[in-house]
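The first chain written gets the first letter, and so on, giving A, B, C and D; residue counts start at 1 in each chain.
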Amino acid sequence: MMIEALIAVALVGAFVTFVAPNRIAGKLAFAISLIPATLSLWMFAAFDGSGNALLDGELAFASEFEWIQFGEYSISWLVGLDGISMPLVVLTTILSSLAIVSSWTPIDERESQFYGLVLFIEANLIGVFAALDFFVWFIFWEAVLIPMYLLIGIWGGPRRKYAAIKFFIYTNVASLVMFGAFIALVFGLGDVTTFALPDVTTAMLNGGPDGFLGIGGTTLASLVFVAMFLGFAVKVPIVPFHTWLPDAHVEAPTPASVLLAGVLLKMGTYALLRFNFTMFPTEVIEPFVIPIAAIAVISVIYGAMLALAQTDLKRIVAYSSVSSMGYVILGLIAYTQFGVGGATFQMVSHGLISGLMFMAVGVIYNATHTRMVTDMSGMADRMPVAVGILVAGAFGYMGLPLMSGFFGEFTIFFGAFGAEGLAYSQVFTALAMFGIVIVAGYLLFALQRTVFGPYHLETDYDVDRAPLHDIAPMFVLLGLIILLGVAPELIFEMITDAVDPILETGGEL
Amino acid sequence: MEDVFNYAPAIALFPLVAFVVALTFGKYMPKKGALAGIIATGGSLALSVLMLVAVASGEVYHETLYQWAIGDAASEIGADGIEFTFGILIDPLAALMLVIVSLIAFLVHIFSLGYMNAEGETGLPRYYASLGLFTFSMLAFVYADNLLMAFMFFELVGLCSYLLIGFWFRTRSAPSAAKKAFLVTRFGDYFFLLGVVAIAATFGTVAFAGDNSFIAAAESAIDNGDTLFGFGAETWVTITALLVLGGVIGKSAQFPLHTWLPDAMEGPTTVSALIHAATMVAAGVYLVARMFGYYALSPTALAIIAFVGGFTALFAATMGVVKDDIKQVLAYSTISQYGYMMLGLGVGGYVAGVFHLMNHAFFKALLFLGAGAVIVLMHHEQDMWKMGGLKDKAPITYYTFLAGALALAGIIPFSGFWSKDEILYDALIIGLEEPIILAAYAMALLAVFFTGFYTFRMVFLTFHGEPRSEAAEDPHDIGWSIKAPLVVLGVLALVAGIANLAPVAKLAQIDITFLEHWLDGEYGAVEGLTYSAYGELLAYETAYIGGEQLTVLIAAGVSLLLAFSGAGLAWKLYSVPEPVAHKERLGGARQTLESNYYQDEYQVWLAEGVTQPLARAADRFDQTVIDGVVNSVSTASLFSSSRLKRIQTGLVTNYAALLVAGFIGLLLVLGYVGGWFL
Amino acid sequence: MTVGVEHYVLLSMALFAIGLFGILTRRNALMFLMSVELMLNAANINLIAFAFYHGNLSGQVFALFTMALAAAEVAVGLGIILLLYRNFRDVDVTVPTTMRW
Amino acid sequence: MALLELPAWTALAPALLLALTAMALFIIDSIAPDSRNSGLLAGTTAAGSIVSLGVAVWYLLAGVGTPTVDGGRGVIDVLGNQFVVDQLALFFMVIVAVVTALVAVASYDYMEDHTYQAEYYSLVLLAATGMSFMAAANSLVTIFIALELASLPSYALVSILKDNRGSVEAGLKYFLIGALSSAIFVYGISLVYGATGHLQLENIAAVIEAGEVASDGGHEIADVGGLLGLGILMLIGGFAFKTASVPFHFWAPEAYEGAPAPISAFLSSASKAAGFVIAFRVFTEAFPVAETASAIGVDWALAFIILAIVTMTLGNFAAATQNNVKRMLAYSSIGHAGYALIGLAGISAGGGELVMGAAMMHLFVYGFMNTGAFLFVALAEYWGVGRTFEDYNGLGRRAPVACFALAIFMFSLAGIPPLGGFWSKYFLFTGALEAGLLVVAAALVINSALSLYYYSRLVKAVWIEEPAVERETLSQPVGLYAAIVVAAVMTLALLPLFGPVADTAVDAATAMLA
């Protein structure tokens, strides 16, 4: 019942905050968000799961009951955590709390609604990572759209309406495609009459679908694999389905960006891992290995190149997220312990680092009211602490050792380099790895232009040191980043424990 | 005695603490964090010396201290698990390097008191924190016991270098130089990381020493004639070795990745002394020495190292000839000197390379600190043409600087001579068999001349003749904190050569090559990491010109001759009351030299002329084509919507008509399918 | 001699077509209404003829219901046409086009 | 549950109660002809419909319609099978009663100062009665009568704002198209009667299954296949009109836009549902797929497949670029008719009960979310803020509760969780897939993407946009607010509590297809 408690607290909190008066909403929301945060940390400590949730592993905090019967198909409330989802849940709760604090400064109208929505998102995100029945999972997956649409739409920048609707429709269409594909798969499986992911996985790995609507079993499996991959590719996002991301990021208010980059993108990669790379036997994945690896590499390099061309700090970070997600895909398709484990680790790590980056950029924006690289220089002169953290975050993004990013990237590269199943894995790895040079290029360029050099600001605001409640959350994140960089085993152990069964079932790709 | 090793971690941790202290409390402390740094580095120095003693007493230390990550990974040679750990390896090489690094760091910290604090700099806590972080990373790198750990701290020193070069971030040039430094080295590190990954994936281990080191694994793989990733074992070793070499070339500023080092002089001179002369730049060369066994397995790799080294030595020396900024001259000389070390290692002269590494650390640190002193004297003027006549006004500075210069130029009996000569000798005896090495030797030899020239051009312009500016007339006075380090290093520059008087030993047949014995593990050594062990791996043939001793004499004689002639020319041209530039004599070469063979130009062009347009093109493509498709979908549907709704004309008769039409249409479809009309 | 059921059907279809033609061509609301009546009666002819043909009465019964409902429909219709005239001063059904697209 | 003791005709109580309430209103009105006591009238209406709702639910719980083998009380037929009361009937009676109640409560404020209140409410109830009877009608005769009983009051209701040109125009168009459609419908009935010699559904089915018409020397049914086919097609026309499906939808946009908003809600929710229930009943009972197909040479589901795709596409596309909120909702309700038509389109395939069940669920949820949406428009008209999206800008600042409800309705209509609309829409999607209607499923994807655009556009208007004009605080009419809130709460609550609905719907569908 722990997971239900997490979600319930967030939901109730969301409602309470929604009706609370504006001036206390921020503090109230933060206080409430601390409950799931601490709770999830306790769960993390008390985590007793083992194995993979879909491959009859020991679930932690699991609970299940019948919900709805649709004809012969039954939908049941089935939630539980394994080594993959546990860290992501913690990431979600912590990042939400910090995002709330970081929005005390920038959000100055309709606060209660804002914080209510943030808590509502948090609840759904927890659900996404905890749910193990397709319909339950899908409900949370889709429910995230509403609050994010409103957050971007109401508190966003000048082109917020365009960005919001683009995000809204683009991702929803993708979800529909993915939904249809999965349903077709379940029908194809014939004897399976639940949408519980473990059952479907078991059926998939014991023989797979026996065809549907005259489509042969193997063909169906391949088609579904592709369709679901495309569906998730939008959410991740993978080139060429990424164009909604920069718009959404640039327009979104800082906390929304933090959650968007920090957790929402992970939904996509998490789903890819859970569905495409866990459910499907290797012979299905086999034909797509090379294309996916190619897409991953393209995402890395192309995304980095795009970031190189930007002059808006948020846009830079946004495109670099595309690039980083490319690493994750590469790690997944490598299909080795270090590859998949590293990819999962990278999800958490990138969540922290990109969150930190967006917060830092946000703090600078609060002071300068511009994000244009060309509009400012020498910020370090006026807000040394914030800039210091920004620089630290930037180096984290570049994969500086002893910060979490390095572990994620290194393990992915290492896992991918020797991947048996991936032909030319060395070439792919080498190409993808070149991203670490480009990322250094655009981040250092941005730093040089904005925070260093003689102080100058186009917009006429007098820049002063950022308040503590803007700085504090960034320190927390930085601490976590370094902690995970120095002691990755904290989560890598449980991750690998959950990843291994996947590889065993799959066998060598 | 070995229990002292339990304190080994503290060597690196002291500076880390200093970093934290300086960062958090620095601005409240009397000397803004300097004291913390001095104490910490002092402690490190003391411990390092202890380690040295311990090793001398026959102990070595090789412990895994912390498990970073473990996992299953089927490596190419069959091992199915891998551990990434942090561990400490203290063998003769590491112990020596520890002392060098901590000593220089200590001296530089002291020097900083006079150079930074006295000058009333702002942001001193930042400065000392960065120094502390750097010292920590560097020391950790030095005694890293595996390649991954080495890489990680290799990266961290890069970060510190970035921070310290950009210390004066309010200027435009410093941040740009910092960025360039990090990017260029990062480019090298890309290959390094690839190499690390490749080695880890190949051998399932990244340990430097022990039976399960990747070096041993590679050796056996070559012996078994394995095929690794579709290559022959030796080819694959060469490939990976060269990948790692990428990082080396970046950090040690070898051609073609040397361009960042001259710009790095934007940083405080103390930083240049510590990082960009004595220690960080040495990291590359040290890494080669550290995993020398691996390179020894691959003649190709060694030859490339040697050639790159020889070429860089000459290449950089020639550029140093025409520089007017005292620090620029030193920068190019640094590049050139590291070229020598590479050459030495490349020809299997493990001892020679390390020897020169040590000597260079001393005398180049000395020269930079001396330059720093000069800059203080000159009220932060760096153009040598505005100096002159400082000889009498600042004798201590002058004589210490002179010692450094003599060492750099390789004048007997100063330390530089011995090590450089040994390198050249090793290169020669190999070169007589291997033409490519001979070419490298020739270049390095030629470089000796230029070295002598630019070194003394610098000395004469700075200290001799008449003062050429009012700053030079009445120089700013300098305190003990500046003088003391100069003296210490000056002495070292003079005497350090004693460590390995190889020529003397060979001629006089007396056994005084201490360093060689040291590195050969006669006191204490880790299995397989000894000079002789490397020697067995090497595939080089050696030859002599009529006997060993004669060869020694010839080699030493020629290089001395060249050094003297270079120095003499400089004396001829510049040791006059009113020296004038003689660049126009260079004719066409001048432009090329002054613009550093257009190296920066083409690299900048690569960045701004190629990459950025490419990026902009990609951006346009993204905005127009990819996003265009997305938007056009919505535009199209909205347009069709606005058209489609027009059928609702508002005229009820039209509705009736359309209704009937639609009905008939349906009728026709069904009728056709159902065959009612047949 | 008896008339075959198909003739009735043809007749009713013709009637139906006439009514339909009226609806499509006439713009006067009353004409429109009458045309609808024609179509309804076409249905009635069918019902009665078929009732006769099948020999059960349900068709005829239904025909009665239809007439009644047709009457009710006309009643409501006339009411609306009255309103139409009151608001638009015309009984042309193509006049009210304030709502379109 | 002393149900067995009751005579069989009481099974029709839900419908009869509505009729009685209508009578009651007439009496009230005749006692006090010019009374404006809208409280009493609306109250009576609401009470009547709520009682009817209660009875219907009670019957459902009591197991009326559930086969006796499952411990139920089996299907109850009335008047010699002219009416049957089974789960299908009760399910839709519930929908009708719910919508009627909501509309009645909302009308309390909306019609407050209107002259013909008693007429208004009694007409509403009569129409509701008709719809309720449609749910139970089991013979083409009763179907036609019930259908007219539902239609005729609707015409009057749409044009009840006598001096409002829009209302009158709407009424006119609704009536003319309605008359035409019912003519086509009744002609279709006559043809079916001609072909089979029967008007009662199962008798028609019996003839078709037998493959020959007994009454006349027994000739092959296939000989009159064309006749039967044309008749079936014309019946489809009649249903299409009632459910506002293409090409019989032309009345809908104008009628919904012109009519008083509560009536729009009433028609677009209840009337549509009623149209679907007769379609379900007729096509499951009277025209068994396989036999009919062999008789007329074509699977009638094909017609519904075409209708479904065309309807949902036209509805959504036309809605996408509307500026008038009410008209947008009108088109969206056409689009939803298209979704629900999937239920009929998929019946023929295996697992048809899932598709049909899904369609029934959709109509049920729709009864709340769409009614709620139209009632919000009613509220806006009550406030007099205007009709276009721009006029709605920034309403969220002034009336957060109502606008929160509106957001719920919109997202639910768009089928986004965590709202009731999600289940029915995705069950339809699922059903369409299982029925193998890939084209339909694809159309559903495209359309729902588009619908997202215009639904969120309304949310954007009230929550995101800045108000164009600075308006003083808006009043909070009790009735309208109550109705809207109830609808919203139900829409929300239907996410977790969807189980019973789904069970009933699927059971009913299974029973029909058995």
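Here is the rule we go by: contacts are C-beta pairs under 8 Å (C-beta built on N, C-alpha and C of every residue); 3 or more make two chains touch, one makes a residue touch a chain.
These numbers come from a predicted model, not from an experiment.
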Of the chains present, which has its C-alpha mean closest to the combined C-alpha mean?
A
The larger set of C-beta contacts, choosing between B-C and A-B, lies at A-B
Taking the mean of the C-alpha atoms as each chain's centre, how many Å separate subunit A from subunit B?
37
If you average the CA atoms of subunit B and of subunit C, how many Å lie between those two points?
98
Using the average of all C-alpha atoms in each chain as its centre, how far is it in Å between subunit C and subunit D?
26
Roughly how far is subunit B from subunit D, going centre to centre by Cα mean, in whole Å?
78
Where subunit A touches two or more other chains at once, the residues are 169
Pull out every residue in subunit B that's touching 2 or more other chains.
634, 645, 648, 650, 652, 656
Multi-chain contacts in subunit D, i.e. residues touching at least two other chains, fall at 172-173, 176, 180, 184, 253-254, 453
In contact, pair by pair, are chains A-B, A-D, B-C, B-D, C-D
Residues of subunit A defined as touching subunit D within the complex:
67-71, 135, 138-140, 142-143, 145-146, 149-150, 153-154, 160-161, 164-165, 168-169, 172-173, 176-177, 179-180, 183-184, 187, 213
Contacting residues of subunit C [partner subunit B, same complex]
20, 23-24, 27, 93-94, 96-101
Considering the complex alone, what residue numbers of subunit D touch subunit B?
172-173, 176-177, 180-181, 184, 225-226, 229-230, 233, 236-237, 246-248, 250-251, 253-254, 296-298, 300, 302-303, 306-307, 314, 317-322, 331, 450, 453
In their shared complex, at which residues does subunit D touch subunit A?
351, 353-354, 357-358, 411, 416-418, 422-423, 426-427, 429-430, 433-434, 436, 438, 441, 445, 448-449, 452-453, 456, 459-460, 463-464, 495-496, 498-499, 502-503, 506
Listed in rising order, subunit A residues that touch subunit B in their complex are 166, 169-170, 239-240, 243-244, 302, 305-306, 308-310, 336-338, 341, 378, 380-381, 395, 398, 400-402, 406-407, 410-411, 413-415, 417-418, 420, 426, 429-430, 433-434, 436-437, 440-441, 444-445, 447-448, 451-455, 488-489, 492, 496, 500
